[in-house]
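Below is one structure, written out as structure tokens, with a few remarks after it.
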Amino acid sequence: MQVTEYKPLIVAFCCNWCSYAGADLAGNNRLSYPADVKIIRVPCSCRVNPMFILRAFQRGADGVILCGCHPGDCHYTTGNYYTRRRMALLFSMLDYLGIERERTRVEWVSAAEGAKFAATMNDFVAQVAALGENKRLEDLRCKK
Amino acid sequence: MQRIGVFVCHCGTNIAGTVDVKAVAAALKNEPGVVFSTDYQYMCSQAGQDMIKEAIAEHHLGGIVICSCSPRMHEATFRKTAAAAGLNPYMVEIANIREQCSWVHKDMAVGTEKAIILGKAAVAKVNLNTPLTPGQSPVTKRALVIGGGIAGIQTALDIAEAGFPVDIVETKPTIGGKMAQLDKTFPTLDCAACILTPKMVDAGQHENIRIFSYSEVTAVKGFVGNFDVTIKRKARYVKEDVCTGCGLCTEKCPQKKVPNEFNLGMDNRRAIYIPFAQAVPKVATIDPDYCMMLKSGKCGVCSKVCTAGAIDYKAKDEYIEEKYGAIVVATGFNPISMEKFDEYAYSQSKDVITSLEFERLTNAAGPTQGKLLRPSDGEHPHTIVFVQCVGSRCEACSEKGKEYCSKICCMYTAKHAMLTRDKYPDTDVYVFYIDVRTPGKNFDEFYRRAVEEYGVHYIKGMVGKVSPEGKKLHVQASDLLAGKQLHIDADLVVLAAAIEPDRSARPLATMLTASMDTNDFFTEAHPKLRPVESPTAGVFLSGACQGPKDIPETVSQAGAAAAKVIGLLCKDHLTGNPCVAHADEMMCNGCSTCERVCPYGAITYVEKEFRMPDRTTKLRRVASVNEAVCQGCGACTVACMSGAMDLRGFMNRQIQAEVDAICK
Amino acid sequence: MQNKNERRREQILRISGVNPLKCMRCGKCSATCPSYDEMEYHPHEFVYMVETGDLEPLIHSASIYQCLSCMACVERCPRGVEPGKLIEALRLTVIREKDGNHMTADTIPAVIDDETPQQAIVSALRKYTK
Amino acid sequence: MKVSYYPGCTLRNKAKDLDIWARRSAEALGVELCELEDWQCCGGVFVAAKDEIATKLSSVRALAQARDRGQPLVTVCSACHNVIKRTNQTMRTDADFAAKVHNYMAQDPNHIAPYTGETEVYHYLELLRDVVGFDRVREAVKRPLTGKKIAAYYGCLLLRPGKVMRMDDPENPRVMEDFIRALGAEPVIYPARNECCGGYVVLENAQSAEKRSRTVSASATGHGAEMIVTACPLCKYNLVKSGSELPVVYFTELLAEALGVKEESYAE
Amino acid sequence: MQEITREALLSRAAELFRDGTVDRALGWRAGEFDYDVTPGVFTSAEELENGFVWNDFCGANFSKYLIRETGLTEKKVLVFLKPCDTYSFNQLLTEHRFARDKVYAVGVPCAGMADVKLLRDRFDGVTSVEGAEGGVLVHTLYDGDVTLPQAELLPDRCRNCKSKKHVAYDELLGSDGEVLDSHRFDEVEQLERMTPDERFAFWQNELSRCIRCNACRDVCPACTCEKCVFDNPASGAANKAPSSSFEEQMFHIIRAFHVAGRCTDCGECSRVCPQHIPLHLLNRKFIRDIDRFYGEYQAGAEVGSRAPIVDYTEGDIEPGEAVEGGARHA
């Protein structure tokens, strides 16, 4: 019997101005984090529609993380404030439906915080891995 | 389906060291739409770029994916490459397989697998890309400066010197602002008028500068490069182009009891007046609240004495409309009202004054011709108490004061104290302070001189109460270092009142859709990197309207704002960012939700007639995005329930395709 | 001892609702206080000593009975610290302890005269006893 | 109009003048002061601690009774006013405190509906200013006090904490001065008018209170006053005890004199 | 029994038709059964006289129909609004969905509207119902005539009525009530107290019944999009059938999210759900969270108000804290 280590699939939405740059900085400094994290670049965290997050879960993601500029530092002044409200409400709703709250996260990572980006991803991957596969928001039709 | 080419970069060993680039190129070859896939040592090199150009031509590529370093590094490079090969630059997508892959993963198999997935996501996105063309809008080569204080004057002069016409709009009858009221300036003690009035004259005579004094901005429409501004020119009842500024009328006017605002009401002027001798424009103005002719039709003295025939009692407010490419806000500040700080007895004694009033009392052109005399009895004060931080640094929910530090008070109080001791060595001068804040070139040295050379008594502690008893002001205060409560019988108390933005700023911000903080200071586009720009494109900030500032700081910010304006006006056209929001009118509900989240005021609504499926027509309210104003954040796209609002370059479908590719 | 001190401090902060960390040490309370000269420790020192937990000297000081509760310090504090409330809470903490009463009914006759209003007596008892 | 009236304990004893002239003057101005039933002493001082529940109950009972009558509550004594007004504010803003008060009140056999700060509390001076109006007072004056130079003495209780009392600008009040003007006299504005008289500390440190009171009367004298008016029995006591050169009079007595009701009363 | 009689509504409507103020009216109309009242458009006083129904089953909220009807006529549209309907009415005005001057709104007091489902649960073979003193008289085939107190037929939305106050009308018939201190969040809080597993089981049980009939969306006064994302193949969310448990969750999460901050809690979604799914508990969760995190907000209480989801403050709760129940902000 072959035992393969469970590898979670993590989708990370990163805003172009802070967090995506923070991820680049993590790379520049060779700060490693699991390859399970796949980054999608968006102009601002406020571009992330709840539908994108649900879709990621539908297609098999085990965790979704949103990264944006720190509140007050948004490139577009106010974008991440809206993100914060939208995601607070969405995550609370997912929790209410019994979806594990550890599968979603919002983290503010600035362009200077390469180390924080790597640490956040390490932590989040470990957190999701501990939960195991996403069963509650999966779509069997999308299973491999 | 596009015809897509994939180019995998080795970046020397930076990528190829942890990612099997050949395997990536091979795997992506099988993705939908991919007709060509290759790898190369350095894609960004000339040879690499030539290779891309050739492949575009040879394989009739409609879109390309570069698997390389971060798009923040070379997206612009590869877009130019594509454009050179005749491909729309927005048909290029980058898969970041260096910073976000090869550099953070050590295992070749793991790195390769992830690189392939990132490549697939980029391919999936390019499949849905559409060619984008940035919008172009012309630039009106004229700037508007709102506010004619030192900030506005400096900005206007710098822009004018660069060859662009500038208009200054000032609500008062003259430019000059607060600086014109000051006596000396710290830390060099040169006289404010000596350095300001030449600049005022320059502004008044500059061929590129028009001054609309006694005027207000009443409406602003349009956007960066294309503002339409309405300016109200208040009736001054004197023909500006006829008046010679001789001042005869201001001597003959029988109405002598008008509080002189320039001297903060400490003396009187006439109903027709020129604020001060160096006013620009040097033209008289009739104060309609006091002029007997305007109020009751009985007088007309000024008209009789005016040999130039400049008086016009029938004048009306006029509105002019003008186009501008850029707007600079320089509305400045005012000291806050001392009404709510009556423990200092400001409204109970004439001898409790604000620092600005003190400036006038020591100014040679002021009500006392520069002699420091008590307002109550005209006697020379022998004991003067200065109180710092009156209304500054209060708690956030304070009903009385401001939460911020007003920044300039420590220095001007040191100046006042020093000048007093210099001119009147027989005077005892006390300064009560919480902290003395002197970060500035030669600032702390200046303050130390006040203490060490001029013998000003600096006492750490606040004043609790000022009681007017007889001819004295009984000052009860803390001396925290000595652990004493002090009781000083003073002749004059000077309050360093907090400063606040001018009241005209709030309505102006609304007109400009420029954002403000809770204190009504204008917010900058970025607190560190874009300090003189407002988040609204084409609107710039100069001076204390953005936050408390001293003169050197104001002037440097004024110059910086001018540089930004010049940079904008130099362009004939503005090339927009094509990755902007766009509303699908057929799907738009016209509900105004997107408008509320737009930080730039880029969204407006229009009533449009639509042909309905049943051949009737219907008038519907739909959103319209001004592409020159939109910055492309995407806040509106999520606020929009129906999905009518989408963001070009980051469309819902594109992002979902990336999600799908990653999760597959 | 450490614990008792910490408990007292916690109680003082809780019942006064005052946050001494809001203090910017401007001394306006002490500049304002009409009883300044009667006190060994002054309003700004009360605030600082509660902040740092240095309560012992305050508890044994007569200063806590000198406050007139005139609220001038509360009124004028630019940071909304409300030193008067803190002093009150400190005094309550002391008098509520065993044998903590500062004044008793027996001592009253000696300090009143025929004209002393009832108001003065009930007020003093309320301020100085549990 | 009818208002609920809370006299307070001192007004039944040492400060009968404050009470009686308040009632007579109100009558003359067409306001009916309906004394609360079974009111209890307010306790003299507001103890500003979040866990002092029992000491506020008498005030809450008074407030609740006025609420049940549907009337505003009027006080005359500065101390009562301070205690009741601040208690009312606490009941309005501190839900936790109010809940604890309800728990106490529920033990009461004459249990009242939970009180949450519905009653409006007026000091008699506010009643004159905001409800009757000083213009009407001026019209009703029969014996104007013309030429009299009167120093209004606020002390601390009427004005502070300003955010709660909301009677006037605590640093530069004018309600008593306007009142004095309405009676035809000339107010004397002096800086010590909002300083404390020494209050209850007179029983703890008589010298301290004396110093405070002397400061006040000296300031009033120095500014040329002929008389001091006050709304507080303890202020009056402290000022007189400290040897004030000026007569100290309750504002209600002054009002009664100007309205002519004092004379009538003596004529009776 | 409702405070206002059918005759009173009819006579006022007739006047409005007569004086030319309106040329159409939105009102309740009899369906197949007495208790099966449906919304209808009437174009004359006579039509109203013949078809208009006003009884304890008139739960339908007409606000949404105004979008269409106001576009069809030059004159005004008469609409009868119960207190809870007026909130939807205002919310639609906030969103510029119809012109206020094209409507003549008559406020009607409401004593609570009976729930057909509760009636059907109680009896088999209901033939007809009528209003009676102190309740509803039900004629049944098998149980004879039974008079039920109205309270026993009230659905959750009426038992936990949030407001008897009309927040919009041109004219109010009868008396106006107050905003009520309801217990409408009790059930939400009960769910919040469960473990995640229990909550998941609860919702699986409820949502798995969904047949994607779209009735909840079609009746919802907040769901007025020109084109709904669920009908738009380009949106990536379109789906017509309940093909997997994910779809059910996705549909209801997105639907609730799209109306978050706009939902007035009128309860129409639960009223019309043929599968008896307590959909209002999803909407109320958002309302509850918004109140808790950002301060109390009632959509539709005033026209032009800014919903908290399109607003912010610098010190807002972080999403991580929000799932912890918002302890910091509670």
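Odds and ends about this structure:
First chain written, first letter: the chains are A, B, C, D and E, and each begins at residue 1.
Simple rule for what comes next: a contact is a pair of C-beta atoms (placed from the backbone, for glycine too) under 8 Å apart; a residue touches a chain by one contact, two chains touch by 3 or more.
No experiment lies behind these values; they were computed from the predicted model shown.
Common neighbours of chain C and chain D under the contact definition above: B. In terms of C-beta pairs in contact, the better-connected of the chain pairs B-D and A-E is A-E. Among the other chains, the CA centroid farthest from that of chain D is the one of A.
Nearest to the global CA centroid, when each chain is reduced to the mean of its CA atoms, is chain B.
Put simply, the C-alpha centre of chain A and that of chain B have 35 angstrom between them.
One inter-chain figure worth recording: chain B and chain C are separated by 48 Å, centre to centre, where each centre is the mean of the chain's CA atoms. Once the centre of each chain is set as its mean CA position, chain D and chain E turn out to be 54 Å apart. In chain B, the positions touching at least two other chains are 343, 465, 597, 639, 652, 656. Residue positions of chain E touching 2 or more other chains, listed in rising order: 229, 235-236, 309-311. Of all residues in chain D, those that touch two or more other chains are 171. Two chains count as a pair here when they touch; such pairs are A-B, A-E, B-C, B-D, B-E, C-D. Listing the residues of chain C that touch chain D in their complex gives 14-17, 34-35, 38, 65-66, 68-72, 74-75, 84-85, 88-89, 92, 102-103, 108, 111-113, 115-124, 126-128.
Put simply, chain A touches chain E in their complex at residues 50-51, 54-55, 57-58, 71-72, 78, 81-82, 84-101, 104-106, 136-141.
Per the touch definition, chain B reaches chain D in the complex via residues 340-343, 345, 347-348, 399, 465-470, 474. Contact residues of chain B toward chain A in the complex are 70-73, 96, 98-101, 103-107, 110-111, 113-114, 117-118, 121, 515, 523, 525-526, 535, 579, 597, 599, 631-635, 637-639, 647, 650, 652, 655-656, 658-660, 662-664.
Residues of chain C that touch chain B in their complex: 22, 24-33, 36-37, 42, 44, 72, 75-76, 78-80.
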